[in-house]
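Two complexes follow with chain A in common, the first pairing it with chain B and the second with chain C.
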Partner chain A sequence: MDCISARSKNIKGKGQSKLKRRESLAGLLFVSPTIIYFIVFFLLPLAVCIYASFTNWNILSPNRVFVGTLNYERLFVDPKFWKALKNTLFMLIPIPIYITFALLFAYACHKNILGQKVFRAIYYLPYISSIVALTLIWMWLFNSKYGLVNNFLSLFVDNPPSWLSDPFWTKWMIVIMISWKLIGFTSIYYIAALKSIPKSYYEAAQIDGAGPRQQFFKITLPLLTPTTFYLLVIGMIGSLQTFVEVQMFAPDGGRGYGVGTIVFYIWQKAFSSSQMGYACAIATVFGLFILVITVIQFTLSRKWVFEGN
Partner chain B sequence: MKRKISPVRIIVFIILLIGAVTMIVPFAWMLSTSLKEANLVYTIPPQWIPKPVDWKNYIEIWTASNLLTGIKNSCIISVSVLVFCTFTSSMAAFAFSKLSFPFKNAIFVMLLTTIMVPLVVLLVPLFVIYTKIGWIDTLLPMIVPASMCNINIIFFLRQYMTGLPKELLDAAKIDGCGYFSAYWRIYLPLCKPAIVANVIMLFMITWNDYFGPLVFTHSESKQNIQVAIAMLNSHYIQQTDIPLMMTASLIAILPVLILFIICQKYFTESFAMTGIKG
Partner chain C sequence: MKKKILIVIMCLTFTLSALGLAGCKQAAKLSTSDDSIEPKVTEEPAETTETEEKTKVTFMGWGTDAEITTFKEMIAQYETKYPDIDVEYIVVADNEFDTKLQTMIGAGQCPDAFYSHIDRMMKYAATGNLYDLTDYVENNEIFDPDNVWECLINLYRFDGNMQGSGSIYALPKDVSVFPVFYNVDLFKAAGVTPPTIDNPWDWNDYLEAAKKLTTGEGENKIYGTGAYSLESAVWSNGAEWVDQETLTKVKIDDPAFIQALQWCADLRLVHGVAPSASETESLSDYDRFKQGKLAMVGAGTWSLADFWANCDFEWDVMNWPVSPNTGKSEIWFGSAGLSVSSTTANPEAACNLIAYLSFNEDAQRTAYTMGQAIPMLKDMAYGEYMNFEKPPASKEVLFDILENHARLATQSRTFNQEWFNEFNSNIDAVFNGEMTAQQYCESIKDTIQQLLDDSNAQKAEYSKK
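Take a look at the complex of A and B:
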């Protein structure tokens, strides 16, 4: 008996390990495109970027010389880099604007305001539209002489700004555009999050005598913090990479480089000046910068994001 | 739920209405301008309903710009990416959610890191790699990497498939189904709503892509629609034909807009589902 059961166990074990191997093989095979993608289109370029940042690489000449940290030293005294960084940080301004409006909009929808379905369809419209088409429309809207915006503004002020030639106003124009574009999209996250808050919380609060305002600030807002945190993280990563608007509104980076962002500067350096080594150095620093900001956000999140149970 | 009418609600409604008008005005202005004769554009105050309505721009645009080639290339790119990426990503999602294989978690975490690195870091090296293998000025840089996987779709479908019972796989195995046919015949059909939502999102992203085609293509015959309409930008050409520019924008927006109107339910669903993931 013992012998037989031992043997059957053995057979079972062998069979199972064979099955297991088949499963492992299938699994690896199924994710193999993903692994190839990761190695060829992510890891390899990433390594090349870091390596190239230590060379004087240039697409036109084949000889590549190792220059040590020269590119990095150059970067710290490059006034255009610092200007680009300042302009890039300017692009963070839309985040609190669209998050606030999106939250209010989502709250109104959640409270079942009249016509909310139509409102939602309309508010999502900018997000699905191509950014290039939007910039073309925007240029026409903000045309300093014949644009709709300045026509409207001239009812109130004497000299409406020349949006497209003054870097300061161009940047504000981009801020308005990004905020406008993302309100609807952002509200979707809040609408989903609001739906997931249990009604019993509000009922309990009502019994304890909390008014609508107190309910909003003491229940709704804290329970939405995970969503807000997520939106802040993806919003920052996205905003810091602003490129298309700059390239369309100010193809040369604007007067005194007042509009150009970091991504735009890297693109210019690599493909117009063909200083690829230097472009890679800026890209590496910029990648690290985004990483550090994200890590800081995660660290700070413990202080204000509600974790629940 | 009964709607109560209170002063607060009326104020909120008015604010939302103003917001909605702000959302729509640029699009309405685009439509209105696209129906104008070139000289009618510069009237003050602006004319909302053009007199006469001029459809000429919608004929002229096809010869005045590279739009037709752009649409053709965008279609080639979008269709290839949609077909291959949906297949590869859903297969990977199936493996991540239902199979056990070595380094599974390590590979998954590895994929997470790709989201943290901005595209611009990879851009210059990719350009050089593509130059070496002769991919510059072809559609391949837009098609091949995007076809191999889409991290967001993998996350999304993995989440979705985790909710499906694993017993289906065991039953399939007993019936002599291989892993591939278990994925293809059982799990993939069950994921249909999620797949549709993702296909729409993917189409939107691929159709609206501008950065990649801008960097990796040069000749007019390889431009996608976004690059083609960007060329109408007044900064690049001497004479600005604003009505023509608006016509091109409208045509570029239209495919996604139509899809959005038809599948609005799926759109919001997919947004919401990806939102829950975070």
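Take a look at the complex of A and C:
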């Protein structure tokens, strides 16, 4: 600490030596790829998007007329936007499901169950498979008459749901699919986090007479909260951006737009209806929405995330 | 305070990087789809020696593997014929094509020539992105416009307001006819005689035939008909989704429209001669037909190759029945076009390329012998194609449809298709019997009208320039 402040004093002081300037230039050069990348691929598009949201741009012709807040006013009375928002929030359901299962699975792996490496590979497989290939397989699994799922369900119920044509069930199918897909990916994080908990904590707890259950709830779970928090934030942003599943299972947004999500709606508006300006307005509002949710998550996190003391 | 700022910065970074990730994924997908199939004609060693002096033309399209192979061959032929031109062929997946093309136009990097979807041609033309081909068509050295089906050339005309008249903005790459395919074996077994061009069925004949053809139970159930083309029913009955003169007024509450819609639904609901909703969901009419469990199905001529390969029964084509109320029969026809960019540096080379790809005799011959399409050149259609040994036997039906019964779908003539998608989005309610056709049409008419108005307003705005 002393060292750093001494240095910064030096920099602020009587002007930098040639060496110092060279050093900071080198430092800047080292971070420049990231900064340039960030500016070109994040900041500029963001700025263009916000600008375009105030115009009637259609992407096809270069002239964009400034229309003020018209796009935003339209958005709030657009019933499809609200439907899409509802469908999007539905996609948050998988998060608690896959986090719970991933934790259980990671815990089991951590406890050295026979064949854990094989299981780990198998569970991770869905995450690296092509989502288009997966959805095609799922379409067969969930085929209402010939699908494996309904054949199994028909043992217990008379009329198993038509997963692909009833939007309500299509959404549940997507929930199941996302959960299934992310269990392996999520559990990798938990396995790593579990490995980083020092064994000495458990030994100390054992000496003090804590049983396995107490150990789990008093040591393991609190020490996993930073990982859980990270997964929650990432998971929520990912869920809110559900797109490909909708495009595959309900290419037109489903009956009565019962499946279409916001990102899907943005894409439709931008590229099939040529209303890029309006699409940008939705994107901007939705981006703010995600930002607010993320800020709330970070604020709440202070109450439950264990950061060591 | 510092902590708060840090938190905000972290939030921002998380959000932005997550948003960015989604974008990158899409971009990565786009680029892989190019790289994997892009033939890279330019990089073949034999060609590179002379590329410096060659005129370069970029051409972007989508297609099945077979179509891409054919196009590669045609492009090679074209390059032999015009040795000073070098074509770069970019292939994009069909569902990503429009997104990519619009992005390229937005970035000022439009390819010289590209596929032009019939529903979207007007959009590109109205925004000034397409090269006017009218003069070229009249004075070109590659094909004779009189030898091409007239409806096909007119299809790609646009006068700044309506599609179908005015300047030509695309050449047809292919034509698809949508007849009724029927299983000849099932017809013989049920003792049903198919209609002919001169002696067509009306709806009642069709229903009677479908009843006779529907047999069996459970796994052996055979249905008489698949879903009946709603377009054919509506138009043949003298009704329209939208008035044809101005394309501004939704007419789905017209009794003739409602009658046609209800008739289509009743084939399933009342008469039980078409598979139910859940049956269609688990096995499409098209696949059911291929398995020999459906006697009549509407399908496009793009299915020919599939039927040749996968139907182990005899099949043929017939006209859509006439409405008993009007005595006429109408059905849509489809086509994909090839357009030239208005910003191309080499309009002549680009025009010659699309004309060559569209009307080259070898290309046409390859397309029909492989079952991808039927010929667009009339002399070839009525000449060698009639003697082509593969089914359908009644090839003249296809030409009769094209010359006398085919029309462009209404949604292809409006600026965007949202109103039509909205109409279809809940139409299952009628086909499942939850609503009558009358209730359905009345319930959504205002919404549809609003969307159509929006579409027209958008067109007016764009055409102003």
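Annotations for the structure displayed:
What we mean here is this: the second predicted complex is superposed on the first by the 267 of 309 C-alpha atoms of A that agree within 3 Å, B and C clash if a C-alpha of one lies under 4 Å from a C-alpha of the other, contacts with A are read in each partner's own complex, and residues count from 1 in each chain.
What we mean here is this: a residue touches a chain if its C-beta (ideal position, glycine included) is under 8 Å from a C-beta of that chain, and two chains touch if they have at least 3 such contacts.
Because the structure is a prediction, the values reported are computed rather than measured.
Partners chain B and chain C clash in the overlay (superposition on chain A).
Contact with neither chain B nor chain C is seen for A:V77 once the two complexes are overlaid on the shared chain.
Contacts of A:F105 after superposition: chain B is touched, whereas chain C is not reached. In the superposed model, A:G287 makes contact with both chain B and chain C.
Comparing chain C and chain B on the residues of chain A they touch gives the larger count to B. By the touch criterion stated above, A:F298 is placed in contact with chain C alone, chain B being left untouched. Of the two partner chains placed around the shared chain by superposition, chain B is the only one that A:L148 touches, whereas chain C remains out of contact.
By the touch criterion defined above, A:V157 lies against neither chain B nor chain C after alignment on the C-alpha atoms of chain A. When the two complexes are overlaid on their common chain A, residue A:P126 makes contact with chain B while staying clear of chain C.
When the two structures are aligned on the shared chain, A:I207 is found in touch with neither chain B nor chain C. Of the two partner chains, chain C is the only one that A:G253 touches; chain B does not reach it. Taken together, the two structures place residues 41-42, 45-46, 59, 146, 234, 237, 241, 243, 247, 263, 267, 271, 276, 287, 290-291, 294 of chain A in contact with chain B in one case and with chain C in the other.
Within the complex formed with chain A, the residues of chain C that make contact are 7-8, 10-12, 14-20, 22-24, 95, 98-99, 102-103, 105-106, 123-124, 127-129, 277-279, 281-283, 416-418, 421, 424-426, 428, 458, 461-462, 465. Interface residues of chain A, counted against chain B in their complex, comprise 20, 22-28, 30-31, 33-38, 41-42, 44-46, 48-49, 52, 59, 101, 104-105, 108, 111-115, 118-126, 128-141, 146, 148, 151, 180, 183-185, 188-189, 191-193, 196, 227, 230, 234, 237, 240-241, 243-244, 247-248, 251, 262-263, 266-267, 270-271, 276, 279-280, 283-284, 286-287, 290-291, 294.
Contact residues on chain A toward chain C in their complex (touch as defined above): 41-42, 45-46, 56, 58-61, 63, 143-147, 162, 164-165, 233-234, 237-238, 241, 243, 247, 252-253, 255-257, 263, 267, 271-276, 287, 290-291, 294-295, 298-299. Those residues of chain B that touch chain A in the complex are listed here as 1, 3, 9, 12-13, 15-16, 19-20, 22-27, 29-30, 33, 41-42, 44-46, 88, 91-92, 94-96, 99-102, 104, 107, 110-111, 114, 116-129, 131, 145, 148-149, 154, 178-180, 183, 204, 207-208, 210-211, 214-215, 225-226, 229-230, 232-236, 242, 245-246, 248-250, 252-253, 256-257, 260, 264, 267-268, 271-272, 275-276, 278.
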